[in-house]
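Across the two complexes that follow, chain A remains constant while its partner is chain B and subsequently chain C.
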Partner chain A sequence: MSKYLARRLGQSLLTVFLTISTVFVLVRLAPGDPASAYAGPTATSDDLARIREQFGLDKPLISQYGIFLRDLLTGDLGTSYSFHSSALDVVLDRMPYTITLSVAAIAVTVAVAVPLGVWMARRADTSRELGANVLTIAGQSMPDFWTGVMLLTVFAVLLPVLPASGFTSWSGLILPTVTIAVLQLALISRLVRREMTTALASPYITVARSRGVSERALTWRYALANSAVPLVTAVGTRFAALLNGVVVVEVVFGWPGVGSLVVRALETRDYPLIQATVLVTATLAILVQLLVDLAYPLLDPRVRLGKAA
Partner chain B sequence: MTRTPPSETLSRRTLLRVGAAGGAGLALSPLAACAGPTGAPGPGTLTLGLNRSLVSLDNKLNQFDAAVTVQRAVRQALTAIGPGMKPTLVLADRFEMTAPTTWSVRLREGIRYSDGRPVTVEDVTTAVRMYGEVAGSFILGLFPELPRVEATGGRTFLLHTREPVPVLDRLMANILITPAKDNRPEELRSGVGTGPYRVVSANSGAGEYTLARVPDYWGRRPPVERVRVRFVPEESSRVVALRSGELDVIDTITPDSAEQLTGLPGVHLEKTSGVRLCQLFYNFRKPKTHPLSDPRVRQALTYAIDGESLVRDVLTDSAEQAQGVVPLSLQGAERTGRFVHDPARARQLLKSLGADGLRIRIMWESGEFAADTSVMEAVAEMLKDVGVRASLLQFEPGGDILKWRQGKGGDWDVIGNGFPGPTGQAVTMLQAMYAGTAEDERTGDAFMGYVNPAIARQISDAATEADPAARDRKLAAAQHAVWDTWPCMWAFVPKTLLARRTRVEGIGLLPVNSYDLTAVRLEG
Partner chain C sequence: MTTTVADPARPERPSAVTTRQLARSTAARQRRSARIKLWAGAVCTALVALPVALASLLPLPDPNAQDLSRRRLAPFTDGHLFGTDQLGRDLLSRLLHGGQVSLSVGILAVIVSGLIGIAAGSTAGYFGGWVDAVVSRFLEAQLALPLLMMLLLVVALFGPSVTVITCVIAVAQWPEVARLTRSLVLVEREKPYVAAARLLGMRSWSVLARHIVPNIVRPASLVILLLLAQAVLLESALSFLGAGPQRPFATWGRIISDGQDYITTSWWLVTLPGLVIALLVVGVNLLGDGLRDRVRTTKPTKLAKGA
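Let's turn to the complex of A and B:
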């Protein structure tokens, strides 16, 4: 187990390193100049040269990369051009908002999609299941900005019961959470439905049923437990994706998370901020995936970490 | 009977139970919040929704329209730009030019920072020095030179410049005063000011601040007890938040949003002439033989543009056609002429000048002004009507357009460009746009390659003229001379638009898109 963990941590570090290195090169290859974005329309060539020198952008790419790696080892990801403070601090200031929204969205998704998927599996191929299918797919088909704007119009303007933007109170979490959850519902509920349908048709369920195990226990304790691995994998993947920032939803709801931050960083070519955002979100996403992998043996005793199936 | 010892490892069932319980808790927490507030501000709190993140309440590196309103509520300068773009005294009670290069200033008596410390001449000296030392300062670009401070008494000092800077009293409105001990050549993240409000909470990363009234403020006590500043980047979200009453004021709104908000109960629009000039500016780096190097061709093309219809139909009356080479709301601006739509005359002139069948490339950056793409497409159609084929090249924000503007990216003919006028002075804009020299142009720094030594001399002469009447005369002459060179195909001045809840009163919106928070009050 510890050998497996060490190997996975090593892999994770390498993944983060390669990701951040790729981003370092790609942002510099993209068109645009941070100095001119920073200096504004009245900047002269002298101003631009001074700013490039200040940001270290006048050095060759390889030197910039060397300095970046050296600073990275000391936890210094540079100073954000637009926030004039530590890029890492700016990202870490925003991260709690993104984590809160992601956790809430994934919790609501699981709380609704799992019972819904089970319900659909129990009523597989009936007209009621078809109705539920149509509803969830309709939710998934709606673009998130449209869902968000509709929810805003109804709950913040027509029935002003919820805040329209920001995170000034806990109620501000509801609309963005629901907007994201609507998109995830179809994916998770259909996955649960498929896994549960297969599990409920398995011989061990037939045997258990013949021994008088109740339908409730069969469904929730036997079949759902055996569907846990793919479910946790899917939920973990979706959660990791949400941690990277839900750009559109954050922008529509004025949510101060990393998604809206990275949009601004890209517009202003704020290289340190882009790199810090990628580093933090990539680390979190990889950590979530690692936790998901570590959870497998707990969910399914047949799984042995570090051994081929 | 034997008892099974409790397992020390986490069982599968326990994991599932804990996971389910945790998930349910998390899922219910937002639902529990349904009983909470809707985000609407309280009766004594004014909530402002800004379109850009207010990174700090210092302006050394970060000054945009609405930021000025908030920054000046906490930190103040010796002067401020008031109604009519005229300077008003703030921390100074005397600010007089005593010689062409010398100004005599006296600090108001008894002025203190919010922590009780008095304002000293040393604070002013340090502030000027810090603004000079900070790298990449936008403010510094507004000053032909920073003044040297010479203390002459406990509250009095002289400001010296090498060359006359007749608008120094206006320019000093940008230097915010902070205790010398706390000032640094960087954007200050904390600290106190002399303004009517102090910061009680700040999250600069999220652009959110809460300001509270300073109990013993030296000036008139502001009617609003608390001000909350929020960063809401998406315009549609700001509009919804204003409609729902969650925000009290949103600024810098587009014509589309203004149209949506017009006539809505509980919402009022404030509108005033702006100080930003948007132009379809010609490329002055064309070879001498190119048709666009001939001012008569440039003039002929202006007749192709139906400015009235662009303002009415595309910009939905949110702008005015320019009637000069700078916005008329700037102090010292001169009405020099009007754009006339006469396509027949355009065709005839172009033909007589051998420029019929001209092909031009128009470029601009997305978001340079409201409805930019629609304006450019309409212009291309209008040019087509007079036999000119226009191709459009649009850049994304943060792209390489600056290289093109400096003549280092490639060839182009017309650029859609917006130019700000934050000082409220015509002379500042004229210097930046039309006073370029051959030396500037060697590095591509003359504005779009515009180099006209005679006009540059006129502007420079006006800029250093100490006598206000003579300065205005010289500036007016320079503006007429610029107009006669037909530097742009068309120009317009967007109006400054702000929307507020009707409970908010007393916003005296200035053309520079800011207002004095001490005058704002809440009704009901």
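Let's turn to the complex of A and C:
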């Protein structure tokens, strides 16, 4: 167990390290100069040279990388060019908003997709099931930013019942959450349907039924319990994809999270801020994945970590 | 694909099972679902893809011709089927010409990611060992990362040209193909014909390229339609965020983000482009889904795992 944990932690750290190094190189390989973006069009070449020196951009790439790694170990990700404060702090300030939105979106998706998938499995291959299937596919096929804009127009402009943007009250969470959930619904409900169809046809269900267990208990307690591991796996592996959706939706709804922050940081070529955002979100996504893996033995007592894989 | 197993005109059947019962069996119903999905998907896809492909042949105004006196005309006025935009350009013409860019980016990206994915996946599956370890680590790492930020970063840094965006989408999608190919090759390499080819003294590379890969291309290509749907959505999301191609024509995401400011007065500027994207992507998704279902009902053992 502890050996398994150590190996997984090592792999996760390696992934984060490779990601952040890729971003570091990518940002600096690209054309475009943060100093001129920072100083504006009126800056003289002396100004630019001074700014480069101040940000350490005049040093060779390899020593910039060395300094970056040294600072990284002490938790210092540099100072944001546009916020003039610690890049890590800027990102961490925004993080709760992104996490709130992601958790709400996952919760709503699972709360709708699980009953829907169970229903679809019980009515497998009927016209109504096909209809529900096509509807979820339609939800998956709508561009998330478009769904967001349409929901905004209907529920915040035409019928002003919900706030249009930002985080003013908890009701501001509704529209962004729905937008993301519509996109994720198809995948999770299809998964639940597949697992449930297999489970409902297995011998242990027939045995339980012959012992007089009610259909309701068969479905929800017997069959669904066996779908928990694939379901949690899917939620875990989809978390990174979910964060992608969160970036777009944050921009549409003016949500003050990391997604809208990174779009702004890219426009101003704020290197430290870009690096900090990628580092924090990558760490979050990988951490979620790790937690999901560690949760398997709790969901299914037959699983022993480190033995199977 | 016909569901009637027995000829209904023949009065005597050797079995007590009626045609009616056969038509209601699970297999028949599954085939019917798959067929409906295929048809609906083909119709939706054709509704968008054909006009897009024929855009330059259709009698449409120039997509970039501005006419400031005819700004934001509602649909169906003055021969503008979809109305005009904030600069008096014909929306339908813009959508179809922009669609050419969106669709070709999507198709190119899927081809590139398919090639990378099949190469990496089959190498990893066939040779195993450290090659497999490296490829699999890459796959896992990429699937675990919120990629859109990285993609935005690359586009923002290297400029929103069609080439850059195609590569970016291809890089985002190759893990799906590679994972599927790898699992297919793992099954395939244990088969007798591979052992025979080895016994004949063929080199590993030619066994892989000339015997194994041709056998897995067909099942692996099943994901292509689903990937194409994702590629179109990804391209539109990138161009919505301002990281899409702008020459020669603005693509769908950009048209929507431009129209956003006029949503309260001119609903069609956002609604219609979104419906066009959704129709195309629904069509492609249904086609891909139907195809997968059909293969699964005919050959249940081989593909159920990978897809």
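In this text, the second predicted complex is superposed on the first by the 302 of 309 C-alpha atoms of A that agree within 3 Å, B and C clash if a C-alpha of one lies under 4 Å from a C-alpha of the other, contacts with A are read in each partner's own complex, and residues count from 1 in each chain.
Here, a contact is a pair of C-beta atoms (placed from the backbone, for glycine too) under 8 Å apart; a residue touches a chain by one contact, two chains touch by 3 or more.
Just so you know, these numbers come straight off a predicted model, no measurement behind them.
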First (chain B), second (chain C), both or neither touched by A:Ala6: neither
Partner chain in contact with A:Ala201 - chain B first, chain C second, else both or neither: neither
Which of chain B and chain C A:Ile51 touches, first, second, both or neither: first
First, second, both or neither for A:Val23, with chain B first and chain C second: second
In the superposition, chain B vs chain C on chain A residues touched: B
Partner chain(s) touched by A:Pro163 [first = chain B, second = chain C, both, neither]: first
Chain B versus chain C as contact partner of A:Leu69, first or second or both or neither: neither
Touched partner set for A:Asp144, first chain B, second chain C, both or neither: second
Partner chain in contact with A:Tyr97 - chain B first, chain C second, else both or neither: first
Which superposed partner A:Leu266 touches (first chain B, second chain C, both, neither): both
Chain B and chain C footprints on chain A, overlapping residues: 31-32, 149, 152-153, 157, 251, 266-267
Chain A - residues contacting chain B, complex: 31-33, 36-48, 50-51, 54, 82-85, 89-90, 93-94, 97, 103-104, 107-108, 110-112, 149, 152-153, 156-157, 160-166, 168-174, 177, 225, 228, 251-254, 256, 260-261, 264, 266-269, 295, 298-301
Parts of chain A lying in touch with chain C, wherever the complex brings them together: 11, 14-15, 18-19, 22-23, 26-27, 29-32, 124-126, 129-130, 133-134, 137-138, 140-147, 149-150, 152-153, 157, 237, 240-241, 243-244, 247-248, 251, 259, 262-263, 266-267, 274, 277-278, 281-282, 285-286, 289
Residues on chain C engaged by chain A in the complex (per definition of touch): 26, 29-30, 32-33, 36-37, 40, 137, 140-141, 143-150, 152-154, 156-159, 229, 233, 236-237, 240-241, 253, 256-257, 260, 263-264, 267, 270-271, 273-274, 277-278, 281-282, 285-286, 289
Residues of chain B touching chain A in the complex: 10-13, 15-16, 22-27, 29-34, 36-40, 49, 53, 55-56, 61-62, 135-136, 138, 141, 186-187, 189, 203-208, 230-234, 236-238, 240-241, 243-247, 397-400, 402-403, 406, 417-420, 432, 440, 443-445
